[in-house]
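Next up, some structures in structure tokens.
In the two assemblies presented below, chain A is common to both, partnered first by chain B and then by chain C.
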Partner chain A sequence: MMGGYGDVQMIDENGLRMDGRKPEDCRPIEIETGVIPVADGSARVIWGKNEVIAAVYGPMEAHPRKIQRQDRAVLDVRYNMAPFSTSDRIRPGFNRRSREISKVTAEALESVVLLELYPRSKIRVEIEIICAEAGTRCAGITAASVALAHAGIPMTDLVVSVASGKVNDIVVCDLNKEEDNYGEADLPMGILPNTGELVFLQMDGDLSQEEFKTAWDYNMEAASKIHEEMARALKGGDA
Partner chain B sequence: MLVAPGDDLGSSSDLDPGHGVIVVDGRLKAVKQGRMTNDGKQIGIQPRRTAYVPRPSDLVIGYVEGMTNNIWFIDIGAPFNAILPLSLGPAKGSFGGLRSVLDVGDAILCRIQEVEENHSSVATMKGMGLRKLKSGSVESVDPHLLGRVIGSKGSNLATLKEETDTRITVTDNGRIWIDGEVEGIIAARDKLLELMEAAKVSEYRGDE
Partner chain C sequence: MSIPLVPELLRSHLEKLAAADARIDGRARFEPRETTLETGILGNAEGSARVQMGNTIVLAGVKFQLMTPYPDRPTQGGLMCSAEVRPVAGRGWEAGPPSAESIELGRVVDRGIRESGCIDVDELCIIPGERAWQVILDLFAVSDDGNLFDAFALAGIAALRTAVVPAERFEVGEDYPLPVSKTPIMCSYHKVGGRYVLDADKREETGGDERIHITLGDDGHVHSLQKGLKGIFSAAEFDEIMEHALTRCAELRELVDNATKE
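Let's look at the complex of A and B:
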């Protein structure tokens, strides 16, 4: 895997990716709820080699008082990667990246949670990345959304997050670590599966209009599959 | 039928939205995870978990979280703390000397006196049996499972008290105070955990 940006062959002559997936395929995903018994709601998402745990506490009194909003609750989201989650040890604590992801996750979830039902209170969402293999922000948002529903927090919809990107000039869905590191673009999206609305979008790198459209379609298609798994987890295998 | 947030529950022309259901563009939509109920007029959701929302005259167990010179802040397991003014406290305390009456972390049995429009509530300890809890153990149950845990007309609770020779006080915020001999408390706690698990299972299955 040596070599510079863009010169690594990651799609073979048959159009298959390094892990044997077709460009539109998503990594396998497993979701489980109730993994943290003391939390009000929790979920574990195993997505490829990613493993994410999300726990929700509240609604509770918001402290310090200066963060209280008189007309609605505040979502206090904390995204954190465990020091052992990657091969290079991560220095514990907040950093620029985790602050950014916590912020975008909170904004994506705020658009579905009925915060106005709990004025002046706080809902705490903790997302811990146990094992990271590209796409942890998407796995984190998906896990947090399931944990919120599991905690009985009223929401208009679940949020499914998934990313597509460009590798060797080919648009592929749900990038793995190598594709993320050596690929040319990355387009993570947060999608409301029942309405198809978008609550979160970021883009790294460049995509043409055509490529953007393809990545969008891949994300939408993957979101509906992931939503099935989320619903199955929440309904106890009765989806 | 079990539902997840965002699930479409049909047209709003025939049925009214109940708990955990909203109407969007003429369609009923679930906003909570749980079991759907339909009585022919209204469609609702019995959620898997609910937060306790205080109502006047509720008997609750709270923990002292903090205080000012003349007010205690009480965690009653609701999204908002209750306040306990010095004048409604358990004993005569002096302005600024609240800590000598109730300190942070103390558990109290109190009653909700009033709930204001902005959801904040006022608790009182003036009343029969309302006091600071100095012995025993406090367990928590989801408030919506209380009915199933205590059983029809309190049958489970009566059996539990008799079997373990303990005094048990069930409060509206889902906290249960068990007092008596240590062996009895331990036995009652174990039995209560079993009842809670059974209540969760029957609630989720939708047993009557």
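Let's look at the complex of A and C:
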């Protein structure tokens, strides 16, 4: 959607992207659990050049009392970018983008966490972007669901989040920074790997019905690969 | 929101341990936790470091911005040090505007670095009165198991010593390493069970009293001091920890030298 579309060739004559990936390929992804020793559950996701950490604290007493829910736990989710995570420093403090991402992330995770098991309590999920290179919200949701599982919080499924988009009129999966700068569309999804159902969906840009279908399918295929790495990290070895 | 009863139980446990000259994790009074330092770990920062001391983990990142020099100091750039302890780092840290504790942390670390004169702000000037570099050191806690002060100070100076001024990106000449002439090091002591210990962990902080932070320069010069929290200490107690700080700071300085060597 950014200016300059069409000026820069992001896909070569062999159909390969600047970093050598095919359109349907996702960047390399590496997940580790237990990276925050004082947390009840934690995970680090290194996805391309993105580095994201997530911590889970709880279930714990919800206070002040007015935030308590009699029938279930409250899921308190924050997404934040560290000041040094981007090329231009981010000033700490309130930020509309982070607020929105926190909200949709919370709603995605609330859809799978068995909150009714912990009435009147609170579960805190903290997502911190340490190094950003396009696709941080997807990396954040993925990291948070691994951290929740690592904390032993009962869930109906993990949430795998991945986005596809369009550059030079070609649908590609998991845009990197350069592609994102010249991207013509972005379709991030939150997918339940066991059922293929969705708990998170956003989109902006311009996609034809066929392109939309391709982007959707790319996300579904990528999700099953990412899920393998999530499972490997949680099982603490080769899955 | 702490429940007062638990610290009381913890306090009396720590007092009993102190009477037997023991610590809650089995360390000697002036024995630090295992400390590791890595540099160049953040892809989007111009200088960076990660410090782990036991289960305490922190990151430091250096960013640069162009600024207009202040009218009364037209040939000087700026240095800003900011510490943020976000709720990711522990159960006790809450969301919201920076707490007094995290502001104190940032300011004490800032003073140690600033007052040592390790960064010559005159060298940050590009065009007098018009353009200069502002160096921003951001300290970020990943996991707080006590003594964030020393971890932040160590990560901070290591990040500065590996920073490269991104002049090319801002189109003001060629990139060059940030000149950092000294290595100020902080050493913190907490009163636990009636006597000072080095590098307190979270339980010792919770069940202890006052703390003293000492920042020493290469030549042993004192660059910043801070006494925090309620408590009374004697000159003899201070002498003892100052003498120890001279040794410990030298050890940590060697760690920085080794981690920042090319």
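FYI, the second predicted complex is superposed on the first by the 233 of 239 C-alpha atoms of A that agree within 3 Å, B and C clash if a C-alpha of one lies under 4 Å from a C-alpha of the other, contacts with A are read in each partner's own complex, and residues count from 1 in each chain.
In the analysis below, a contact is a pair of C-beta atoms (placed from the backbone, for glycine too) under 8 Å apart; a residue touches a chain by one contact, two chains touch by 3 or more.
From a predicted model like this one, the values you see are computed outputs, not experimental measurements.
Chemist: Following the overlay on chain A, give me a clash-or-fit verdict for chain B and chain C.
Modeler: Pair status: clash.
Chemist: After superposition on the shared chain, which partner residues are touched by A:160: those of chain B (first), chain C (second), both, or neither?
Modeler: After superposing on A, A:160 lies clear of both chain B and chain C.
Chemist: Please indicate which partner A:49 is in contact with in the superposed arrangement: first for chain B, second for chain C, both, or neither.
Modeler: The second partner, chain C, only.
Chemist: With both complexes overlaid on chain A, does A:193 touch chain B (first), chain C (second), both or neither?
Modeler: A:193: touches chain B, not chain C.
Chemist: Tell me the contact category for A:92 with respect to chain B and chain C: first, second, both or neither.
Modeler: It touches chain C, and chain B stays clear.
Chemist: After superposition on the shared chain, which partner residues are touched by A:131: those of chain B (first), chain C (second), both, or neither?
Modeler: Only chain C is touched by A:131; chain B is not.
Chemist: Which partner does A:78 contact after superposing on A: first (chain B), second (chain C), both, neither?
Modeler: second
Chemist: Tell me the contact category for A:37 with respect to chain B and chain C: first, second, both or neither.
Modeler: Second partner only.
Chemist: If we overlay the two complexes on their shared chain A, which of chain B and chain C does A:60 touch? Say first, second, both or neither.
Modeler: both
Chemist: In the superposed model, only one of 8-16, 134-142, 152-160 or 224-232 in chain C has C-alpha atoms clashing with chain B. Which one?
Modeler: Stretch flagged for C-alpha clashes with chain B: 8-16.
Chemist: Which residues would you name on chain A as touching chain B in one complex and chain C in the other?
Modeler: Of chain A, residues 60 contact chain B in one complex and chain C in the other.
Chemist: Please name which positions on chain C make contact with chain A in the complex.
Modeler: For chain C paired with chain A, touching residues are 1, 42-45, 48, 55, 57, 59, 61-63, 65, 82, 84, 86-91, 95, 97-98, 136, 138, 140, 142-145, 169, 202.
Chemist: Tell me, which parts of chain A touch chain C in their complex?
Modeler: So the residues of chain A touching chain C come out as 35-39, 49, 51, 53-55, 57, 60, 63, 76, 78, 80, 82-89, 92-93, 124, 126-128, 130-133.
Chemist: For chain A, which residues are in contact with chain B within the complex?
Modeler: Going by the criterion above, the answer is residues 40-41, 58-61, 70, 73, 112, 114, 118-121, 149-158, 192-195, 230-231, 234-236, 238.
Chemist: Show which residues of chain B lie in contact with chain A when the two form their complex.
Modeler: Per the stated touch rule, the residues are 2-8, 20, 22, 24, 29, 31-34, 47-51, 75, 79-81, 118-119, 204.
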